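Take a look at this one; I'll ask things after.
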């Protein structure tokens, strides 16, 4: 069996998970190298996963001769540039969300991919989650009728430390968290969002304001064909990691999401208690694996990827509009700027 | 035991329930009369409940000598005027929501109540629901910390027939449905809303547009002290009656609402199936009873009512702002107009 | 409208609830009297419910001339005798479970009812609970196919105080609690139980052993047509009142029961917490009302009652067999003794 | 890193899963060989997992020189003998449940292990499930107080085909299914079962009776220190795979188990629908992995295994007693025969 040689760029929490999946759980792939700005971290992950090559930069890794594809899991700020470099080196790419932190960078990255004739997939892994897939199947089968309302909630348990804000390598909440919901909003409703309105708050952590970020947001959505929606994000939900989505249609409705971490309930005089989900790597473990495996299989078989660069661009356009609304205090139109060259 | 003599104005579905509760389940009250624009309906309900007096107007009912208080459950359009008449006749009042369909009428009604020195309670019955009360208790005890986000969903199963729109006696969805969530938004967060932004849709029932109404809406909320929120309304959820509320704080979160109608689950090869709630009179049966009983007891004991005319006015102010936002396509400030004379 | 005049014998917690329902919530009934061995208690309940007559014995109450029917809610020991007296006085009867504490008394009671040509209903109120009724409807519609297994759990929150054991007016757990499950076992499976096997424990409260009682039991059931089952009882479940039933068939299964008391969930770092049900008068409030109303309507309309004396006898037969198995340490055949004269 | 060389004997559905886990997901192990009575199946699995060696018998596989341990996943009938052979060859062993189909074989197997000075773990994987582990942690922390009642339900979706009965290589339901619950009954209550009573039924599939099997059973349990319990098994639950356990104590109770397969709920006019779990390899995927990894780590580090041969023997003793009760129609004492030589 031919295997796809993959290198992982960025082996923090997320990149390491991708590397582990590629190393052990995707029979069609061979993890050939990891790279990280921290040479030490790259070396350590390589040792742990028992692979030969570790590098301290993408450029260095691209020299590795068995490399067919690159998985990009750096801080968000470096995504677009890395996509461009990898594409120009002739590699296929799976890039973590967001594709970029602004539309110009996104367009540049997509152009590079397009010119190189490579494939680019964006890491919207929720599309691979069994519950979301089951929901989409019902939508496609017409079981909910015409979509009327889209709702999504995304709450993280632990807000980023202030140091992360100071490092300034990730975008604000809309780029980093809500972008998952923006992608679902397009995907599940099968329509485009034309305008958004955002309220935000820094109430319980005013010190993030100076970095342009917020702790919570609610974003109203208007769709092209008449549906409406709202997505909420909160980066420090004390109780756990909580992702829930609803798509409400003329004939029925689908709820995706559950608060339970395990199937155990404890009953005492104080009430019935359930352990709550607390981390995206746990909640979406299956999705991350299915995502990377699907990417590998599609590249190997010369099939289109399932979550395209265009999807990355369009979700980014919604995030940009949400930020504009937040800054300007009024609704903002969604646009992706000049006509994009799709991946 | 002295009993409060109560007359019910308007004995449609809602008013009849109030009459039944007063007749049988509130030992401190005596249902002395019912009135309805339909003489026939008034007579029939009086016969069913075995009470002596039925009338075809409020004015007529006010002649009835044992009447201490009036419960108003007419179509929405007539609420404010009826409040004024009953107040001037020296009666205490429990008025269904909304207090009025515009701020001027609301102020006039409150002034009448104030001048007459009577008490006015607004029918936000959810505040009496055991689950909402339990939530509020935790909020008051500080268990969720500082409120950050308020969310609420209100979905009705059966949209009003077109005839109801043509009769033009009720307000659009914000006045008729969402106003419950606007009240909860103030009550549970214990703060005022300063601005709102609404998207609406008539997508699956365009014919309601000519009556100024919509089938679904999402309304973003901004609070005075920094919290944010969103409330969604949908008047024809095929699957049932669905009211769910979340209040998310710095230390914890509370969810109110459940989809189940009964405690039975049916398991087959097609999945696990539960019967869903389908009507507000079922879901909030306990709340309606607790509401009217609390009103009666407070009036009898000369205590302030728990949900004041001021509460009715402020929720109305939010509904007016939501309609403004809907019409103008931009955020709208919340105001109650001239300084109100509280009930 | 003709109303059924009803007197309630025994106005402790249970009887008082029946009296309240009859007084206010059953339009077809008139509560004409209450009686209780405690004259004081009878007088107080009569005052509270604003009825004229209170008595200190059934014999005295039977003199009351507007009495058509008697509801018996005394301690269990007095049920059978009270049924006999009321029947001989020509009254129709709704008797709380169990019909009697032994088969001879049960037969005597049924004979009296039969000779007097009156009607007797036994207070298995679960049959009137919306969830159990919904389950039965599916069973009758053949939706679960052939019944294979019946399971039921009945847990009380607060065990009886030792004084109750000393008073010796109620039977052991099988007669007082499990009898509900024995009745459901017959009703939902629509078959008779032929043999049972019981294990019991006094582990955490050994002092009840001297009164012949236990704190928990598991009873295996064998049905005539091949199904099997198990019912568990526990009289001091620290966490709440918990009644759950399953009927498992060849095509599907039905679960009845839910642990939640309200529709509120509290989410904190310690987990998701729900308030649990804690009392049968709360959990089965609707069922108690539907039960007494159905009795009244059937008597008024000269229709058979829905839960017959025969049902009371047969459930008692199972309880007797369970006690025999408990005492003898081996399976026991179920019998109701001499052929019974059905009510 | 030194790795444990493991060979898997029997690569049907279960053994193949173990082989996959060992091949990819247990970094401390090396899957060196598979063996199966079907040479073809062994060869195919070896090819799929890209390992060199496949054999048609345990004896042949034992020749393979890198083999440190053997995982036995043959039909039940061959477990005990395979344990003996592997032990005498000096291998450590992870053996699927049940250890044997009778006590003599079990003792022989344990003696062989003991004499060889090897380690034996029994495949009661539920002990490794996150929910069961969380439950056990609470039990050990004393959070439920004194255990009073143990309950467990185990339902399979698809009953074995008749051919499986004819092949006669597995034991009846108590050995094949209920033995998991018998193990949990000992483990969670931390006490031994002294006596059992079983009712069984073949009602909806009478043709299995000739093979000595049943389609459903309820087994009452009596514990040494006073607790009681019941376990139910059903081999053809039309609706899915359903494993639920309760341990009820003096201070609280724990429920393990959930009916949901995914986190999606579909709401329509017909009710709320959830997809149900349908297979043990899905429900217990995490547990199977954790089990084999724990075995490997303990062997490598010369630590005792967590689920011992003694545990296998004692669960078997309960199954034997359950069969005796089923055959004799009366309670049966639990015994493991002659004093066992623990593994």
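The letters A, B, C and D name the chains in turn, as written, and every chain counts its residues from 1.
Note that in this section a contact is a pair of C-beta atoms (placed from the backbone, for glycine too) under 8 Å apart; a residue touches a chain by one contact, two chains touch by 3 or more.
Here the structure is a predicted model, which is why all the values come from computation and not from measurement.
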| item | value |
| --- | --- |
| Chain pair showing more contacts of the two, C-D and B-D | C-D |
| Maximum centroid distance from subunit D, chain identifier (CA atoms) | B |
| Intercentroid distance (Cα basis), subunit D paired with subunit C, Å | 41 |
| Inter-centroid spacing, subunit D versus subunit B (mean Cα positions, whole Å) | 57 |
| Multi-partner residues of subunit C (each touching 2 or more other chains) | 238-239, 251-253, 260, 265-269, 275 |
| Contact set on subunit A toward subunit C in their complex | 238-240, 242, 259-260, 265-276 |
| Residues of subunit C defined as touching subunit D within the complex | 145-146, 148-149, 151, 153, 155, 197-204, 215-222, 225-230, 232, 234, 236-239, 248-253, 329-331 |
| Parts of subunit A lying in touch with subunit D, wherever the complex brings them together | 24-25, 27, 50, 130-132, 134-135, 138, 143, 251-258, 260-269, 275 |
